[in-house]
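The same chain A turns up in both complexes below, where it pairs with chain B and then with chain C.
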Partner chain A sequence: MIVPSPVLDIRGLSVSIGTKPILKDVNLTIANGETVGLVGESGSGKSMTALTVMRLLPHAAGTSGRLFFRGEDLLGTSEERMCQLRGDEIGMVFQEPMTALNPVKMIGEQVAEGIRWHRGASRAEAEDRARRILERVGLPESRFPLTRYPHELSGGQRQRVVIAMACALDPKLLIADEPTTALDVVLQAQILELLRELVAENDMGLLLISHDLGVVADMADRITILRHGEVQDEGETTRILREQKHPYTRKLAEASTHVPVWENAAVPNDGKQELLKLTEVSRHFPGSRRGLFARGEPVRAVDGVSFEVKAGHSVALVGQSGCGKSTLARMILALDRPTAGAITFRGMETSSLGEHELRAARCEMQVVFQDPYGSFDPRQTIEGSVTEPLHLVDKRISRRERRERATEALVEVGMQPADMHKYPHEFSGGQRQRLAIARAIITRPKLVVCDEPVSALDVSIRAQILDLFAKLNDDLGVAYLFITHDLTVARAITHDVLVMDHGRIVETGRTADVLDAPKTDTTRRLLAAAPDLQRAIERRSTALGG
Partner chain B sequence: MLFYALRRLFLVSITLLVASIVVFAVLEIVPGDPARLMLGINATEDAVAALRLQMGLDKPLVTRYFSWIGGMLTGDFGRSYTYSVPVMELVRERMVVSLPLALLALILSTTIAIPVGIFSAARRGTSADAGVMAATQVGIAIPNFWFALLLVYLFAVTFRLVPAGGFPGWDAGLGPALASLVLPAIALALPQAAILSRVTRSALLDVMSEDYIRTARAKGLPANTVLWRHALRNALIPVLTILGLQFAFLLAGTIIIENVFYLPGLGRLVFQAITQRDLIVVESVVVLLVATVIVVNFLVDLAYGWADPRLRTR
Partner chain C sequence: MTTGLVAPEHEDWRHFARKALANRSFLTGAVITAFVVAVALVSFVWTPYDVTKLVIADRLQAPTASHWFGTDHFGRDILSMVMVGSRNSIAVALIAVGIGMAAGVPLGCWAAAKRGVADEILMRTSDIIFAFPALLSAVMITAIFGPGAVNAIIAIGIFNIPVFARVARGGALALWPREFILAARAAGKGAGLITVQHILPNIANLLLVQGTIQFSLGILAEAGLSYVGLGTQPPAPSWGRMLFEAQTMMSIAPHMAIVPGMAIIITVLGLNLLGDGLRDVLDPKLRREH
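For the complex of A and B:
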């Protein structure tokens, strides 16, 4: 009997850069038509595994072990042979769709390039094939001509182009490295569905890399869990997730469904002082140019939004990317002015105040951004960055007092006072997000606006940061406005939720009520798309039982 | 793209207008009477008064500006005081030397710099890269007039390949005319090429670490093909910026180089006009040089639009 050799067969793979081991004795196989989930936290070696298969590791990297692609040992083969395989038999999709495409080339050109390169096809033939594959991934030529440039497409559309490029020549193996991490939940569900269909159509093997068990739970036939470059647990998805035998698997599963324990969680909504009030707030942007003088219809980024936030309350603002969440947040933070309507913060109408009068308001509201890497000045010490908001405080603050307040803020977010003399690059993503929170609470604000504060973090770090937010609400009574597309976050840390769609608030209420019994399609769509580990396990179990 | 170009053109006209006002104002506001300044301290009152009348200094400031700028636009640059010929004529005969020289230098510096930059970037960290970068460091450090003398000594005096200086005129034929421009062009171009190749190299290396380069590699293109097809055009944007800025230095460089090689160009004209206090010539040539720099930067802006589609829609 001939046993069909798997598409990918990794045996005892070890990778090191210099003397630093990256992967240790990794084993992994993928059969035709099979999806294998590779799960682990950042730094666990997931991406390195993918790059090793593609042979695109940095030059300094050393490898040992065997790596067979359809029986051919890739570690021993020549670079020319790898160039033949890449993009033809092995395709790869990357995490960040915004930067994965060449900004100066049209999408048709970029998809056709690989086809011409590998098949020696003429321009017309290659474009014809590019047209078909783009249509297949949901970018029909009638709406997305081949002459579009990447900047004319949204993140989800760009990821479709990247998938089209990877799948243009029907590869036998597709490697998708966090393909949906940068997208909102609805787009994530669409992209995952597309990948699932492509796997079925072409009988290809898919290596799906993710930090989120919930994402792979629905997709993968088998799961391999990686930590510090070593395989912790691996096997059939249903079994791995149902039994959760390995302690690390259990830890990951718990972290992805973590809900902080929180004293203020049950505080009733009424009887509290009003903190922030929006009345019919709109922000319209002029339409794009149609000619020298003509302009298109104005874009209604935010359209007649009214709501209020009470002191000490935590409110979620959820919606798909592009729904106007961030524009609304910018206006609340007085970084942008509404074209109509009024914003009142602690009795001051911030939407009509000048920069000087706004100082008092700015002191009372702070912000935490999504990207803990981009939001720190790399050349300033942590003390400098964390104490920066103190210049908003009216009275002069002595050097000693600054230092005391920095110490206090660092301790409150679970960091060491000595950390203030270090620089941002000395900290991990989770630590930096703690520092960003320390910076936000140092002026003792009444409101902190958090723009996707945990979506760039690993699940276990995310759980810790959510705990921190809960603790600070208990300790300091600070109100939150959480901007997120992640309903798990909303459920974990907020009292009320505002669901936004196309610039309007379409549904509001207590978070649990809205998420348990959604009344609008927008909310239902968000809920259906959200990866939910528990639901995925149940679904798999019933499928097995039936 | 058309809209982008029109908007740039509008901005260029504004810049030119402002620049002309500044040049005019500087020469007007400087203390002292321009006529006396031109004639020197020993001139008689009568001579000064006559020159004032000739220069139209008795009329109000605004009228003078408009007649000056109006003249400029219609090609009437006024009469040179020292040469007693229309400035336009002077400029025209000098331009046919300076413009080819500047263009030659520009072409030379880009055709040297961009391949060198690509070569270095593609061999990053090798001894070839280190050698090229050391050479460019020397190229930046050497003053161009000294380098010019070295070239003269080597190619004109020792090997007698090209003339050491002077310009036979285009009437003497393309060969001799170009031969007398070769050394000055090299002297101008090499220091510029040194800077430009370093910029090309670092811009390319920046681009090579971008995500879309990895995407292109994942498509199966070999590293060198990726560099040519995907990295180069993206790296051109900083290179174009430096090229535009360098053009101004190139023009300033011609003043020195034309003097070293005894070339009857604009640089030499403006140098002589300054020493002879021929303000009318100085004013005209300066405005001309300013206009050239602005126009070149307009062309650079258009090239940006070609290189980067994202700029067109903005």
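For the complex of A and C:
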């Protein structure tokens, strides 16, 4: 079974930048047709391993060890030879399909480019081959002509184009660096399935890099777990995940299935007053122009949505990307106005109020965004950012009181008061998300809208942030609206769930009830696609037994 | 201070000073610029010779101990003329950049915040202004309103407005959809306050760099206008005028052109270095890294 000469053989690889070690004595092999998962948290050196294999490290980096690709030592080879290998025999898929494609080039051109460069094929031949590979990755020319531009495609379709580019020349090794992290669960499942098929068809080796054990558990034959540039645990997937011998493996597995201790979890205090009520809320965007005076059908981003949130409750709003979740959130936050319908928050109809009258409502509702990097002004100190919502409090606040409130909020989210003098770039992603939460609670709001608050974070950090959300709900009685495509988050931290599809709410109910016994196809589809570590291990065990 | 903005700590100023002193281009640029400004200031109270006094006997002298940079065809001391000329050149460029920034930046920020029709009108208007070569239009303005330093300032200033409006608008447009702006909107801040507190600090580096570029272009434009006789009027010297007068003497007294030319080059270089350095020094990401 085992092929004698592996596709990729990394032996004792160490990489350092300046005096800082990035990778320490890493060993890893991939055989033909084998998928190896490389798992670790941010900063563990996963991506650096991929870049080392591609020889795309920054110039200052120093490497030692051996790195064999089909018997050829890549560390010793010339840049010209690497240019031949990259994109031909070694393909790479990046995390962010938005930035991995050139926005001013048509997709056919981008796929054909590599074919022409490497094979010296004519334009027609290259286009023909591009057409075939695009069809193979699920973008048939009848529906997705080669002349489409990246912005005309959705995130999942773009990732398919990236995969087509990487696989156009039947590489022997494919490196996929977090290929599905930017996608929702349903698209993630589809992309993983596609990668699995391509590996089987072309008998190539796949190095699948991910921070999510759940994703890798389903895909990889073997797993290597990396931390601070060192291999912690390594071996056959089923064994690693079943035995969980290594403490770090166990820690990762526990963190990815973490459920916070949450006193209010069982008792959502029914009968409490109504906080937020949406009645038949719709938001239509004008359709794209068809001509000088003609417009296409309006896009119904949100279409007749009604629900309510009671004080102190935590509600999840789940659905695939593009289903209208974020548009709905913006309307609730009064950053956008509904085309029709009414939004009432604490008895005030926010959807018809002017900016001045909205102040009282804004003071009681705040927001936490997904991207902990984009949600702070890089030019403002943490104190300035965190105290920003105090602008809404009507009475004048002295500088001193402002500072006291900031101190209080920072301590509540587990940060140091001294942190307020620093700038955002001095903090890690998890710390920034804590700071974002501090900003959201500084006015003591009754409702916090959280737009994918943990999906950009590592599993262990995610567990800590979920704990923090649970604690704040216990301590402050703040209600949450969690917008997410991650059902584990919904299960861990919400009382009720709203499932959204194509701008409509298709299913509602207690979170546990809905997720355990889904009634609609949308919910079922989400559940089936969600990576689940436990389920993956069981499936593997039965597969081995059978 | 307005609400929401916290004044920088003393500690921050020390960081700023340390970072500024460690930045080589900032330091070089600051020294050169300070020197040029100091020379301009000194010229108000003292110059080696009177620049309006003609000593025909001493004309076209090469640099000597008594005339460091030599004399021109009227026997005027070139060092004194360069010193007095710096006043005109710097004043014209500075005020022109000031006009451009003061009008252009608010317009650009306003267009980015409003979008829609206001944005279209503003940007198409600036396209129209851009469609005319700046120097040509400046010639036209000064030709209509009469030559002179004040009209030169206004002419150069008007062409700086759309430059700054575009830079400000472009920078602001990229910032508006960012999440920290959304967070500020969720905190109830209006477009004006957000522009002052979040947009301006984040586009300041763009404006600063553009400002130094426009400043050096302003000096060149003043020199150009004076060269064709539409800027500073005789007998007041300016660098541009000196170049103009040197033109016919190039073969017999090259120092007449070299000295004011070098003055322009050094000033523009100093300003560019200063702008580059300032951009780095003001970036908080670079400020605390060791």
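In this section, the second predicted complex is superposed on the first by the 541 of 546 C-alpha atoms of A that agree within 3 Å, B and C clash if a C-alpha of one lies under 4 Å from a C-alpha of the other, contacts with A are read in each partner's own complex, and residues count from 1 in each chain.
As a working rule, a contact is a pair of C-beta atoms (placed from the backbone, for glycine too) under 8 Å apart; a residue touches a chain by one contact, two chains touch by 3 or more.
In this text the structure is predicted, and so the values were computed from the model without any measurement.
After superposition onto chain A, partners chain B and chain C are found to clash with each other.
Applying the stated contact rule after C-alpha superposition, one finds that A:L85 touches chain B and leaves chain C untouched.
Of the two partner chains, chain B is the only one touched by A:F94; chain C is not. Once chain A of one complex is fitted onto chain A of the other, the partner contacts of A:D233 are absent, as it touches neither chain B nor chain C. Applying the stated contact rule after C-alpha superposition, one finds that A:H421 touches chain C and leaves chain B untouched.
In the superposition on chain A, A:D496 contacts neither chain B nor chain C.
When the shared chain is aligned, no partner comes close enough to touch A:D458: not chain B, not chain C. Chain A contributes residues 333, 335, 355, 358-359, 362-363, 365-367, 369-371, 374-381, 383-385, 387-392, 397, 399, 402, 421-423, 425-426, 436, 439 to its touches with chain C in the complex.
Every residue of chain A that touches chain B in the complex is listed here, in rising order: 54, 56, 79-80, 83-88, 91-92, 94, 96, 99-105, 113-114, 117-118, 149, 151, 162, 165-166, 288-289, 291-292. Those residues of chain B lying in contact with chain A across their complex are 3, 6, 210-212, 214-222, 229-230, 233-234, 307-310, 313.
Partner chain A is touched in their complex by these residues of chain C: 3-6, 9, 11-12, 178-180, 182-190, 193, 197-198, 201-202, 204, 284-285, 287-288.
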